[in-house]
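This report concerns only the one structure given below.
Order as written gives the chain letters A, B, C and D; numbering starts at 1 within each chain.
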């Protein structure tokens, strides 16, 4: 399955009084890793596509399981795998680890949408995105 | 099943450039509603219990499904239901709605822990918490 | 000078690994208190005014001095004073305290703006806001 | 005066419904840039120093003036200048720009502290920090 890897350093403001990363931040990490994946393909997560479509990718579902805590200054690795791609939606799995130790595993499903009369409407994933995603190494 | 209801108003800083609440905030909303539930029972989510145990409730898993967006200044209702309570863990479901319209549905599983030698160790939920949770209306 | 008072409870996710509220959160607290002030006057911080102007209040400057830390579950008091009101801008001072103990003192200056061709343009504060602000107790 | 430069990319979750970076995020950007400065010198902002002191750097004051908005995906430059260094405190100025265009200018004053009996106590900046800061290019 197509995958992509990135890293990030844990910031001080992402910790809480328990001395570890606050669990809600993992959803931001997933989003930022997802945006990096798109950026690496020359694609944007928001705005006009090369086809001229004003695209957006709202979340339909997100989840995360926590195994071990991450701490300030840790450099964590995030491995993304596209576990499902349908005509209109995308499901990506996110494996979080630090020096080989698993920290957490998340998943997000997003739907490709465009704005129509003030509301989001699901559309088929534009060809430029389909082509980009197909170019990821498996 | 035991339940609890609270409300909260969406803050400006919780929105994103799509004009809606950023999806990661729902995990903060769940946590804050959970803490309100405990507070309503005279219990704390962190610190010493009446039994003298230095307790903490790290998350094991969290998830959320998104149906309709919430916006700045919305007052949303959060309905909590304890869907599973074992000796050491607690699973709460969170229904988000605005004036009766469902917005999202989340769930979090937490484990009762105490600090032992710098690491978290799972323990049985202390009697004061068991009694408190049992007093919630079903 | 016109003033307004509100309170808020410190949330767990607003603390950091030092065990206290992360300093950047005070700017969110100021904004939320400011929005409460406007809401108490029946005014909105964003969107159409009764005059039909699409108004916004971007920040020009913000600052905060920190004296004592706030902690999880603290209920803090925020006292707002309008220290300067010009034709187009507003400067509000924010005194943070907990049971009478000063915690921090902040200040923000905002400019009344409207959108014009994709950019923000400063405008005179609309009459409905001037009247509302004048009705605050001194 | 000693200086240091870094860059960062604006994340989606840092924007608000006005379509621009929420102003409170600049304080996080300042902190992260400050931590990068320390990291570049082999120093930590929290924890044990080489002298064996359990050090922390709480903020005494922070401020920011906003000139032009930053947007999602912008890569901004942050120029840090140590504008004042006393025996116990440090004042750093932060110039934010995007491709040469000034966006904002901030400043933070922090005090070197250690934990003593549960409270923070100001101490002289340890020699390892003084030496590191002195090695910054002017």
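A few points about this structure:
Criterion: a residue touches a chain if its C-beta (ideal position, glycine included) is under 8 Å from a C-beta of that chain, and two chains touch if they have at least 3 such contacts.
All values reported here derive from a predicted model rather than from experimental measurement.
Averaging Cα atoms per chain gives one point for each, and the point farthest from that of chain D is the centre of B.
Copies chain A and chain B of the same sequence differ by a rotation of 180 degrees once their CA atoms are superposed, given in steps of 5. Between chain C and chain D the centroid-to-centroid distance comes to 24 Å (mean Cα coordinates, whole Å).
Per-chain Cα centroids separate chain B from chain C by 28 Å. Look at where the CA atoms of chain B average out and do the same for chain D: the two points lie 33 Å apart. Touching two or more other chains at once are residues 12-13, 17, 20, 24, 28, 31, 46, 72 of chain A.
If you check the complex, the residues on chain B that touch chain A are 17-18, 20, 23-25, 27-28, 31, 46, 56, 58-66, 69, 120.
Contact residues of chain A toward chain D in the complex are 11-13, 28, 31-32, 35, 39, 44-46, 72-73. Residues 12-13, 15-17, 19-20, 22, 24, 71-72 of chain C are the ones touching chain A in the complex.
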